[in-house]
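Presented below are the structures under discussion, each in the form of structure tokens.
Shared between the two complexes below is chain A, which pairs with chain B and chain C, respectively.
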Partner chain A sequence: MEGLKDVIRDYVTKEYLEADSDPLDNDTPLISGGIVDSFSMVSLKRFLENRYRIQIPDDKATPEAFDSVNKIATLVEEFVAKKG
Partner chain B sequence: MSNIGSYEDRVKDFSWSISERELEYTPGEVINIGWYATDRICRLGRGAKPALIHEGFTGVKRTYTYNDIRLATNAIGSFLRGLGIQDRDRVCLFLDRIPELYLGFLGILKIGAIAQPLFSAFGDESLYIRLSNAGTSAVITQKKHVAKVRKVLDRLPHVKHIITVDHDGKAPLKEREVAFSLEAAPAVENFAVFPTRAESPSVLHYTSGTTGQPKGVQHVHYSLISQYLTAKWVLDLRDDDIYWCTADPGWVTGTSYGIIAPFSLGVTQCVLDAGFSAEAWYRFIEKQRVTMWYSAPTAIRSLMKAGDGLVKKFDVSSLRHLASVGEPLNSEAVLWSQRVFGRPFLDTYWQTETGCIVISNYPGMEVRPGSMGKPFPGITATILNPANHEPHPAHGKIGLVALRSGWPSMMRTYWNNEEAFKNKHRKGWYLTGDRARTDQNGYFWFVGRDDDVINTAGHLVSPFEVESALLEHPAVAESAVVSKPDPLNLEVVKAFVTLKPGFSPSQDLDLEIMNFIRKKLSPLAMPQEVEYVDSLPKTRSGKIMRRILHAKEWGEDIGDTSTLEND
Partner chain C sequence: MAFSDKIRGLYELQLKGIQDAGLFKKERFIHSPQAADIEVEFPAGAPLKKVINMCSNNYLGLSSHPEVVKAAHVGLDVRGYGMSSVRFICGTQDIHRELEARLTEFLGTEDTLLFPSCMDANAGVFEAVLTKDDVMISDRLVHASLIDGIRLCSAMHDTFKHSDMAHLEEKLQLHAGRRLKMVITDGVFSMDGDTAKLDEMAALCEKYEALLLVDESHASGFIGKTGRGTHEKCGVMGKIDIITTTFGKALGGASGGCVSGRRELVEMCRQRARPYLFSNTIAPVVVSGVLKVMEILSASTEKRDKLEKNAAYWRKGLSEAGFVLREGDTPIVPVMLFNAKLSQDVSQALYEEGIYAIGFFFPVVPQGLARIRTQISAGHEIHHLDRALDAFIRVGKRFDILGKTKQDIIQMYGA
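And now, the complex of A and B:
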């Protein structure tokens, strides 16, 4: 999906990083690195669901699946494909 | 045999002087937690023993011996003194779980200043409220969080220093900022620890109530007496333990049992500074050979959710004792841990205000899954009749959990709020704000909060604070905040809002409101659901009736609605 990773990375940068923070790359650990905690993951999940009109079940929204831009993109692509 | 031995015998013969004798503390003499946690252990000949094993999220491991932490805390204390920080000044620690948080805490105490740890995920408004109330002199933080401090600095003239512990020189320091590097700091072998006494203030933790702004719970150095003995008897800490307390020192568990107690006992503790992941946690236990594990129900339920199969991939056989804190531990979690770890998580009950465990299940005592356990020896706990604040004469009646004031780590006051402190007491009892009942064998059973405070994942969130912040959002006209049930976190925040003219409900607005609160207050305070309503239930005098919304969320009877407007 064109630009998916850019969209996720820009959103995380805008919403979860403070000014002057080191820039994110697509493999930066988000959950294990403490950038996004388990509570904040709820709003990130909500953003993805709103933007891509998908529903990510709670059992798929694990800390491991949300741990980097690359992993989130894989998850989103899976549910977008299921939607058809 | 556990450290406590027979609970009944301990209750019979109990005196806090047991702890004083073991710590070789003579009442009336100097008592400084920073010294007890570092210098004293070295004097006992254990300076070469690992005190802190720290692992960051990248897997980098650093080990500090007791002599290392003695020198490091001396260096931090010396640096703070050099800045002009004096005894009783408030010094905030606004840090992730990096070594500087643990060592900075003790360094602050060593100079007689008051340590004010704050959860590093707090948003700028939460930070401002707490720094402003405490009249904080200095903030120790890191590059990642300094922007939040800068945002509120203009409104905090009393903050004279912002100390950044990982300044890399890439961007210039700004007004009032100074860099400190633990690695580069010169070793300070001889350091004059400030001669604090039993009643000298030590720690200021902020906690949320139903109304008003968060309150600063003030503890004193004498709290060590309770924290030491409860850790020894309940957590059963022993000299050869590898101890892991998963709590963040931004909250009281992380300081009482993540810094003060284990270090004063001379135990080796390990810290994992990484976000939660079941796999990472099991790997950490396996790698560090953790023997005693003190965690929280939300984490335990998350581990349960990850499945039994995952545990089996790791060698967790080193675990010999498990305990839990923060919110009631459901019986399923107790039974699950018995099945997968071969031992139950023992629930412990206490609060920021109590400073130490006050009701608990004990090693060697029969565990009743789902129960809070029994009062710690030396603690008098009861269930009060809310109507007259007298103890219920019979078991089984639900009432207010109350504690007879007077144990060493009981808070001494709420910072600058003596009235709130007085309001927490009735007839010599400290009112915890929780409801429970006892059974015929003296076990306490948690029922719920007696107020509107939301306990989410073991952290208290004030509905008032969230409602006030919501009103600052341009779309929100009115708001009411209650808890809603959550299988993982026990409760989460739910907001009911009415919108101003020109705004209409949408999924994007939901998200905008959620993020607004997350950044302003904290991720814990972020509503996980926003419901738009045409009007909120109010009394005829205009007060919002949260209890009606709460009852609906929890499927409870809404009770008396005779005072409801438009009813």
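And now, the complex of A and C:
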């Protein structure tokens, strides 16, 4: 999906990073790296669900699946594909 | 036997994982009353060591105060040891209501309800007053007990960047359609020692018709000119809808907590909050002790004034010695070390010097922001602080971190 990773990276940067933070790349560990805590992850999940009109069940929205822009993109693509 | 070798092995593996991650917690046994000077057995079986306690929540030095101990003794004699009942069956004594009234007056609210702990107050309050049609918007650094309470509640939840009022306002706008919005914050943040911008938060809540809940556990009794808390310091007494706080820190340090605030919200907790409904409240002996604490604090600001002076003295000393500190003006003074192992090594070296101060690292604090959290008490005298400062300087020299910047320390030890 075109621009998906840019959309995710932009949202994570705006929602979670401080102004003086290092820029993200698509493999930067988000949860295990302490940038996004699992409790605050919910706004990212909600953003993706609204933007791409999908439902990500809680058992799929794990800290592991949300741990980098690349992993999140894979997850979103999976649910968008399921939607047909 | 249900607890088979297979099951035991499973748990042994989990515990080993905690140990391997360096997150295994060990208790240190204190053989004396809680105070500035304590005697500690650590590790288990080691001879007792006299150390200065620089990491307790005994902010006002009331944990072993003779008048509080005496009042607790009288309470024990006159009211007995336990109630053997939850509040609404036959577990409420007149002194429970008396303490609730004293707290209402002290905090400047409309009503108060006691809980077995502030952890319980935070666990119960959200589900009691909110529904699935509502939203909870919390600061990202709120205490774990608030997070647990939020998780137990069916309302939607969202977070905002720590103390970022523009981000909070965005979230209030984003959730404008919800039936009720509740903004949630600590008054004083326990790991950083900074205070919430309650004046700005109260104004935003008024603008967007949101409720405001503040956990004052690290503030009640000493923040603000007369120790009422962060809302006094920020000039918004009477504008906070719900305050939760503990008696397990400055207010005698034993146990117990409360929800205090708007009459109807407190009443909803009395009707619906599960930790209140299904657990005994605090024992009469503790109620009697906290009542004496309230009497002491209402009569004089001497203790919080001394604490303020001690904290300023300590912060100035550390700063002049060349440590990197977290900015703030509360008795929580974090000495920043950034590297997790360094924080543990410095804590150990301080202990050898007779100073008890604990190192914190990820996930308790963010990655790369490990620290020694020092906490000052009105029970400290200047000679305690001078001795502790000497020890910090000796240890700081040994690790070559004095006068160094964050970048220098990270370069030497890693993030």
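Note that in this section the second predicted complex is superposed on the first by the 84 of 84 C-alpha atoms of A that agree within 3 Å, B and C clash if a C-alpha of one lies under 4 Å from a C-alpha of the other, contacts with A are read in each partner's own complex, and residues count from 1 in each chain.
Following the convention adopted for this analysis, contacts are C-beta pairs under 8 Å (C-beta built on N, C-alpha and C of every residue); 3 or more make two chains touch, one makes a residue touch a chain.
Because the structure is a prediction, the values reported are computed rather than measured.
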Chain C versus chain B on the shared chain A, clash or fit after superposition:
clash
Touching A:S43 in the superposition: chain B (first), chain C (second), both, neither?
both
Could you tell me if A:G33 is touching chain B, chain C, both of them or neither one (first, second, both, neither)?
both
Report for A:P63: first if it touches chain B alone, second if chain C alone, otherwise both or neither.
first
Report the partner of chain A that touches more of its residues: chain B or chain C.
B
On the A-aligned overlay, A:S21 touches which partner chain: chain B = first, chain C = second, or both, or neither?
first
Select, from 218-226, 326-334 or 362-370, the region of chain B that bumps into chain C once both structures are placed on the shared chain.
218-226
Residues of chain A contacting chain B in one complex and chain C in the other:
18, 33-34, 37, 39-40, 42-43, 46
Touching residues (chain side chain A, partner chain B) in the complex
15, 18-21, 29, 31-34, 36-40, 42-43, 46-47, 50, 59, 62-64, 67
In their shared complex, chain A is touched by residues of chain C numbered 140, 147, 150-151, 157-159, 161, 362-363, 366-368
Chain A contact footprint on chain B (complex, rising order)
57, 96, 121, 143-148, 171, 273-277, 279-280, 302, 305-306, 456-457, 507-508, 510-511, 514-515, 518-519, 523-524, 526, 528
Can you tell me which positions in chain A touch chain C when the two form their complex?
16, 18, 33-34, 37, 39-40, 42-43, 46
